[in-house]
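Okay, structure first, notes after.
Note that the chains take the letters A, B and C in the order they are written out, and that residue 1 is the start of every chain.
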């Protein structure tokens, strides 16, 4: 009790203790407050929630109700209705054109962004906005930025208006050169180059470089603003329009093929033409990934068969009217053969039967063909009110939004979000929990092992001591880092946290063992120990009762250091990619930040909080240890 | 208590010592020649030096015994490390060849080619033989300088290692040496002067030495590299420079080297300053200081005594640092994407490229062992207490 | 040449604690030391003996500070000397110190002869290295140490050898005053005897001019000291010749101390040992009045009222008590032994 009081007076111990407990309390309490799943990288799209009733209706096939529901949603104007406008438009079949514009514009803007083609963006934007396209309000701001290059002109004017009286001839010439260079660059579709020019000049510290900073800043604002806008826009389109369309496309294609195939399959064996349709069936059966190919082949085959069909029907018509002599008038040999195979007496009846069979087949083939041709953005093959079609589009609306990737800190996300849209603060709490736990387990195991081995080697001595000491020194010299790596690689992906802790603990015990042994050896022949030995106490009792209490303080300090080292080892392993990839630990967070180049791109919130947490824990533990050292080893009072 | 004064007596002893040392040199040369062809030059030299040292050690009674003991110990440890490097990948459950080759095999559809590849690996790894034979083969190959082929880079492991090691050493060796020197001076100064410097240097060093090194490096990278843009942040050099001989190339090498070097040096300084300060403080308050001063010996001279004594443990600390050089550089290289051995190790781990992993860990182990042996020897030479302890053991 | 080697007058020195308190470990000590004489200072642990010896050397480094008083060594007030002069001409040369535990007194990584050279060089003896080593050898042989000690490291010497080596090193320059701070307490009995013999021999042969012998082991003083001063809580409480103090102590503390000695002589079996209960006062808060009052058997209320001063008797003896020596002797005579 006395020692605890003394420890609490040591400023170092207190500081360290506070640091560590801050992190521990945060790690323990925060997840209880914010109970979301830290790995949930999808935050609900309100729009998705809003259309839940609509989806239900579509599932039940209630087309009429669905239409009304869509209208209601649009009138409500509360959710994110871009896609629903398109949905409704498609649904009423006269606004497909809008969808096409969006699609086209998205592609152009995409391309323009890739090439930073400023000149190309502006007219497209104008057309889109004037056409009342989706998210126009957002894009107006962007167009404003591009309009007339106002900020850029202003900047250039400022530059031209600066006082050059202090410059000599050489300086003036240089200045003029700079102006010309900048103006030329600004006229290009790639204004960022102007900024680079200014940066170089700035670095070279030419005359009035301070004023060029203003220009640089103005340009930066323009560029950065523009770039941000374009990126956001891109994301938006990427996220809503294009994937949906593509998905719809694919689904429709595939659905179309299925439907066509089933239409063909309905032509039964009993049908006279069953055999003829074998190649067509084969095409459908062999359907691979390439739906377009299947469609093409099937369409061709159907067309061919259909042609034959028509020929037969025409011929049958002729035969029905004119009778048998019409047969010889048949041009096509195959068709003629069919008629010739008929019974001469009942030729009319036979022709009729043939016509019927072909007619029926023909209809089905038409059906199939029409289904196959329901591809592309036309949606021509589907009828209004067809619930399955609407459902396809509804399904295309993502349940979540991904725009929360890599956001800097904000009110909803105090530490921002990472590359998987996860809330960093929540992640940090869970990661700290895991790392602390692993460190604790590792520390316990290492300390316990170290104590046992140290006590045995130190007290019993002799051969056992030699063996244990050799073993300990072995592990001291062969870097534990190496053993950790080899073990982790051999064990593959370590699933459980406690196994990681176990592995770390198994490689960290040597130095504790060595120190405990040294202390035990110095205690071995103390008077009280000798007394205990002489009076016949069993060895284990001597060790437990006479020796252990003396090294108790040391053990506590060693434990603290082992925990710190365990946490660092876990972090190291995770950074190297050796831990459990699906678990979140502090090291894993750094590993991901490294992989996704967060550091280099300045997304500090993705790793600085983690780094600070680790630093706080380890620094705190070391301080606690230093404080305890001062109390228990006053000789080195510093 | 045996007191050993042999070194003070010249004459017959000296002649004996000379004889031993000459014999040692001769033996060494013979070994280098004799083993040529059976082992690579590096190993021959190492073996020659070791054997020569053992022979020469008989010339010095106490130190020689200490030297021999250390050499035997480290040789034994070396074989244990070797065994670990050999065993652990083979502990993977299942057929190691299948696991090693699974990704590679997935791309091969021709089954006969797949079987051929498998057999090649089995033969290469010697898996068709007993474990003991495999170990001998492994050791034999090792001494010839052959470490196997990397699975993903399709190059000999030895070649890969040889090209990567200089990068790691380039950062770690200077930073450890400079940091060690600067840190010790700083710590000694702080202990002696006890002024404002102590209030500033000590907390800063404590902080520097407590933060894990990679954290500090990351923060330095963010601060100096990204925010202030003083240094480039990726790689060993600017990849766009084509001519490798130009001055521009060397400049880019230097600028890419600078930040990792600075980070690492600061960290080493932090650790050393703390250690040295504690040692110096301890030594300054020790009895012999008081006695010497009371006898009128001037402060400066006494201080010199103190720091000489305080330095001794620091030397063994230097050994540990140098030994852990490659291991320590791993994290730094990952943070700075610097193309050294550590980064190579990480990529090997990611690709589960066993031969390369084995090779890297072997290099790390050997470096540690050699550094420790060297420092043990040097420490034995400079600290007489070690010799006394040895003499006591008899 | 005066016969008084050392003259100390009302010396006060204090420790400054971290909390800026001043603890007067030596609180008004005065005495004189003459050539060829040994002064023994006796007292229990913590009474200020070691501080006194450091103070006498003039060695003031934080947290030890000089308060007031004068220390005259060979007629020179050493406190008035600049540190350089003190270091070169006095420390080790005119006044030397033998530390308590010789175990750690020598730098473990330096050979003895290097140390010899260092010390002698500092004092401008004008000798070359060879002469220095010869001088050292002489000293060593005087103390029955072999020449080989010179080449040894301190770790290679036994405890007794180390102590003797330290003595030799301290007296290389034949100091006027040698302060021996518990020189034998860390040794076994036979080594103790040897060391004491050596010290006396040195005094006889004028290798040291005078000696202050500090100890808590009273029996030793009888054989060594000419005068004895008993120290308690930073003050001398009694001063006299060895015979006087040991066999006829006046101050209650001295009386109790002497009574606690086990003397293996005839007739002593029935003599019961007295022990002094309690502990010395905390010098941070010096109690008013006599410092020994708490533990004194003869305490009266007046003892606590005023500080006691040294009473000097006609024969030169001094003691610090308000009672007269007759009164005290009476009280001692009346003491009933515990088991008669």
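In the analysis below, contacts are C-beta pairs under 8 Å (C-beta built on N, C-alpha and C of every residue); 3 or more make two chains touch, one makes a residue touch a chain.
As the structure is a computational prediction, the values presented were derived from the model and not from experiment.
Here the chain pair with the top count of touching C-beta pairs is A-B.
Taking the mean of each chain's C-alpha atoms, the chain whose centre lies closest to the overall C-alpha mean is B.
Separating the CA-averaged centres of chain A and chain C is a span of 82 Å.
Taking each chain's centre as the mean of its C-alpha atoms, chain A lies 40 Å from chain B. Chain B and chain C have CA centres that are 55 Å apart. Contact residues of chain B toward chain C in the complex are 1, 3-5, 8, 286-288, 290-298, 301, 305, 308-309, 312, 383-385, 388, 391. Every residue of chain B that touches chain A in the complex is listed here, in rising order: 73-74, 77, 80-81, 84-85, 88-89, 91-92, 202, 206-207, 209-212, 214-215, 218-219, 221-222, 226-227, 233-234, 277-278, 281-282, 285, 323-324, 327, 330-331, 334-335, 345-346, 349-350, 352, 354, 357, 361, 364-365, 368-369, 372. Listing the residues of chain C that touch chain B in their complex gives 57, 59, 87-88, 90-93, 96-97, 99, 101, 103-110, 115, 118-119, 122-123, 148, 151-153, 155-158, 166, 169-170. Remark: chain A residues 473-474, 477-479, 481-483, 485-487, 489-490, 492, 568, 571-572, 575-578, 590, 594, 599-602, 604, 607-608, 611, 614-615, 618-619, 622-623, 626, 635-636, 638 touch chain B in the complex.
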